[in-house]
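Take a look at this one; I'll ask things after.
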Amino acid sequence: MKKFVNNVDDILVESLNGFASAHHDLVELNLEPKFIMRSKKASNKVALISGGGSGHEPLHNGYVGYGMLDAACPGHIFTSPTPDQMIEAAHKVESGKGVLFIVKNYTGDVMNFEMASEMMPFKNATILTCDDVSVINSTYTTGRRGVAGTVIVEKVVGSLAEKGADLESCKKLGDKVNHRCGSIGVALTSCIVPAAGRSTFEIQDNELEMGVGIHGEPGRRREPMRDADSIVADMVNAILEDFELRDIKLCPDDEILLLVNGFAATPLLELYLIYNSAAKLLKTKNLRVVRSLVGNYTTSLEMAGASITLCILDQEIKENWDSPVHTASLRWGI
Amino acid sequence: MQTEFIIKAAEAIHHAINVNESEIESLDREIGDGDHFINLKRGCSSVLDIKEKISVLSAEEALNHIGLKLLSTVGGASGPLLASFFIAYSQSEKENNLDPVNQTSKSFTSGVEAIKKRGKASTGEKTMLDVLIPVSILLNKLANENKDPLEIIPLIKEVALKGVLSTRDMIATKGRAANLGERAIGHVDPGAKSCQIMIETVCDLILNNK
Amino acid sequence: MKKFVNNVDDILVESLNGFASAHHDLVELNLEPKFIMRSKKASNKVALISGGGSGHEPLHNGYVGYGMLDAACPGHIFTSPTPDQMIEAAHKVESGKGVLFIVKNYTGDVMNFEMASEMMPFKNATILTCDDVSVINSTYTTGRRGVAGTVIVEKVVGSLAEKGADLESCKKLGDKVNHRCGSIGVALTSCIVPAAGRSTFEIQDNELEMGVGIHGEPGRRREPMRDADSIVADMVNAILEDFELRDIKLCPDDEILLLVNGFAATPLLELYLIYNSAAKLLKTKNLRVVRSLVGNYTTSLEMAGASITLCILDQEIKENWDSPVHTASLRWGI
Amino acid sequence: MQTEFIIKAAEAIHHAINVNESEIESLDREIGDGDHFINLKRGCSSVLDIKEKISVLSAEEALNHIGLKLLSTVGGASGPLLASFFIAYSQSEKENNLDPVNQTSKSFTSGVEAIKKRGKASTGEKTMLDVLIPVSILLNKLANENKDPLEIIPLIKEVALKGVLSTRDMIATKGRAANLGERAIGHVDPGAKSCQIMIETVCDLILNNK
């Protein structure tokens, strides 16, 4: 394991300190318990709080700021945060309109946020993101995992909350965005949880893992490595088939947000190549990509690979996607 | 139960978890995300950190403190589950006052019920409950039959081990391994294994204390 | 070699197409010869053109847009572009105030831009960036390499050009920023030029390459892998010593821009840990980090590693750093 | 010189470069960035792409076209240098009209001078010039002595090879390897090697054509 590390036990705190000091104009760090919050507390809006295991940076700390999250609760690497973090964060950022949790659908995250929700004195609601189509919903009862679509949910709901909408409306929009998102990831290499010190899984030079999770969990299946167009076609088709399975009708000329997300080690050069391949394919299916995001937005430590997320836009989602945002890792209009 | 025994048990569990590091870690690497050992280790250390503080408390209070401590340090799926167990166990100790075997049986069952509720799971889903539920059923049965503790312990250990092994051929329907479908078959559930280790450790401690 | 690729010969064009289509609101792609230019031609300003080998994305394509470059000329992977690209790009973006080339100091880039400069009909000047302190200037006559400091030069000069400054002023500011920048990189792994199909260099699990170039060229020396603080201290000290060697006096309370740049595979988590380590060290030296940038801004394909750049600010540089910019990979204030 | 010969030479060089792929590539990987072979290959292919077009031109014009083509396809350090060579060579063919040996010597020298000027370099800096300059000096000498071409060729090949080997123990002061300092010692310069291959190829072509 070759990483920039002093002491494995201190990675998270040192990294959080670096994050907070690099972005001290935007955020503040609380250490006991750990959370990142806006340095300027927002007033009279639904407080958006997300969180999850670390190792997916910039998710979620990088999305704290105007137009997006009010606070983010980082767990240990690949381990969900604990309820005290969410409760304490809520006490700091709640401003009278309640708390909305945005939680990726993993048993650990769900339970920890659930306990926080039960234990906190504020009106609150939860959006569970579950955009990963690699997990077949009907067969396995925990349901799909939440992956890169979460970034879109956080941005869109963040915008609505900033406009002063109430808890129910924010929750409703978030659920809608989540419903209209589908994602799938492919890993070319594994990743190393620092405390474990060894690769989470083994993968050969001629293999890829289709449907990998963002913790390096095994996915749909191990497949032979092949050319990008063929990998991308399988990914895009998996997402479209899933929309069909979930009875989400896609009409010709529907507007799409296409997110090509790198897990870390895949160069931007390749991410744009993937984008090109996906955009061309969607065009042949008469879908119009009108918004896009290409880069490392939901990572898996040092894994090589990428995920594709499609979000079917409507006027409300598009407007809230376009509105100004000012966070460490997503910024426009400000 | 004595607070002194609780602390001894915590120390013994800490030791046993460390001894079994590589097995627990690799099980979670195979069908999970590889952090189950680290999560447990963090939990154990944090409990030992408050050893002095809880040593002056009643057993109920100590167990509640342990639950809250686990809740705020372990994280992951196992954190809230184990925490719920201890908090419910403590509650049951407070609310009832039975003979040792019946009390243990009742409190243990309350703990397991809390896990079932929190995790929305039962047996056959390839989780720690495949150890915990059979153990609690057996405990109840033996308590009803007024068995001697020394007689009970070997049976408990046996059932716990059987529970672990039963997870090997299951498809998971809860927790992280649920995403794996058929690929989870052939692998033992890490949480089941670690619960079995903890149960065995406490059993052995009781035996040695006698 | 595991990459998202269809045909090795098509990587660049497919990736450029993806880039241009993902950012069609910002840029336009010319293919024969290859360059990226703003989709809305700027008027009456010095035209800023940069370029260099591909494989360093987002450098330079990701910096084309308002407040930064007018055009970027991508060469093949790790190979400088050819003069026809710069000449043709200049014809498209020149708007009456001449052309300013921003060129990283590599023999190939220098000569190709030089020939473009000689062959083009416009008034033009060149800023050669050479911020890499790992190359000892006095001994070797080609001089230092230009690395991540180039991003700062492009941003700052881009701002001044946008304000309508003339060619000489822009060139002067660029030279000043370059002079006040120092960078050094560390590689933990190598990278694979797709056409070559194998690692550029071999490196063991217990080694790092101190002073690596952004093409995976060997650096100062092979060193044992060690803890982050010690690596970072050596990097920061090398930069500070170099300022001294070049007679750039650092005064207590001097204001610094600290750029922690990832080469690709090093997670953001670690980059912030590096930032934390560097910022703490600079504080003990009474230097004040008042601006920062952490992320993958000048990459080396899929290499793991990072570089640190210090830029000593003054009022003029700070103002032009802060002014609005709207490109694919650097955006604020707009 | 004949345009036909130029095209034949381009084809032979293309072949020779490909045959030596692994050596050229690994030399540039050792002390450069590993692309020298790819750059040359791209250049050769692009020249052959315009074979038909230049086949109807005079030798001077053909050489100029080749220079411009290399300029717009090779890139890197070697692109502008090799392009400058051919453009200057063409210019000298246009401007002078000497006997074959003296003309070749004069034009070759003009080409090398153009490289020296563009690269701001000379011998002893661990570049292609460590092959090209000795060859041009020898050519001049032999031309002055009115040597027979067939006598000249083996000597040229020998000097070119010596030039390549001379770069092995040099510290580079130009090009990418200059950043390596002492670490470049022990490695032959890739550009020197590829120039030597090209020179040898053309020499052999002349021999075979005789």
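Letters A, B, C and D name the chains as they come in the text, with residue numbers starting at 1 for each one.
Keep this in mind: a contact is a pair of C-beta atoms (placed from the backbone, for glycine too) under 8 Å apart; a residue touches a chain by one contact, two chains touch by 3 or more.
No experiment lies behind these values; they were computed from the predicted model shown.
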{"item": "Lowest number of touching-chain links that must be crossed from chain B to chain C", "value": "2"}
{"item": "For chain B paired with chain D, centre-to-centre distance based on mean C-alpha positions, whole Å", "value": "76"}
{"item": "Separation of mean Cα positions, chain B and chain A [Å, integer]", "value": "32"}
{"item": "Cα-centroid distance, chain A relative to chain C, in whole angstrom", "value": "29"}
{"item": "Chain centre separation (chain A, chain D; CA means) in Å", "value": "55"}
{"item": "Residues of chain C whose C-beta touches two or more other chains", "value": "77"}
{"item": "Contacts with 2+ other chains: residues of chain B", "value": "none"}
{"item": "Topology of the chain contact graph, where touching chains are joined (line, ring, star, complete, other)", "value": "line"}
{"item": "All pairs of touching chains, each written as two labels joined by a dash", "value": "A-B, A-C, C-D"}
{"item": "Contacting residues of chain C [partner chain A, same complex]", "value": "2-7, 11-12, 14-19, 21-23, 54-55, 57-58, 62, 77, 188-189, 205, 208, 225, 227-229, 231-232, 258, 260, 264-277, 279, 289, 292, 294-296, 299, 301-302, 304, 306, 329, 331-334"}
{"item": "Chain B-facing residues of chain A, complex", "value": "33, 53, 75-84, 106-108, 111-112, 114-115, 134-136, 139-142, 145, 193, 195-196, 200-201, 213, 215-219"}
{"item": "Contact footprint of chain A on chain B as seen in their complex", "value": "25, 29, 31-35, 38-39, 42, 71-81, 83, 118-119, 171-176, 178-181, 183"}
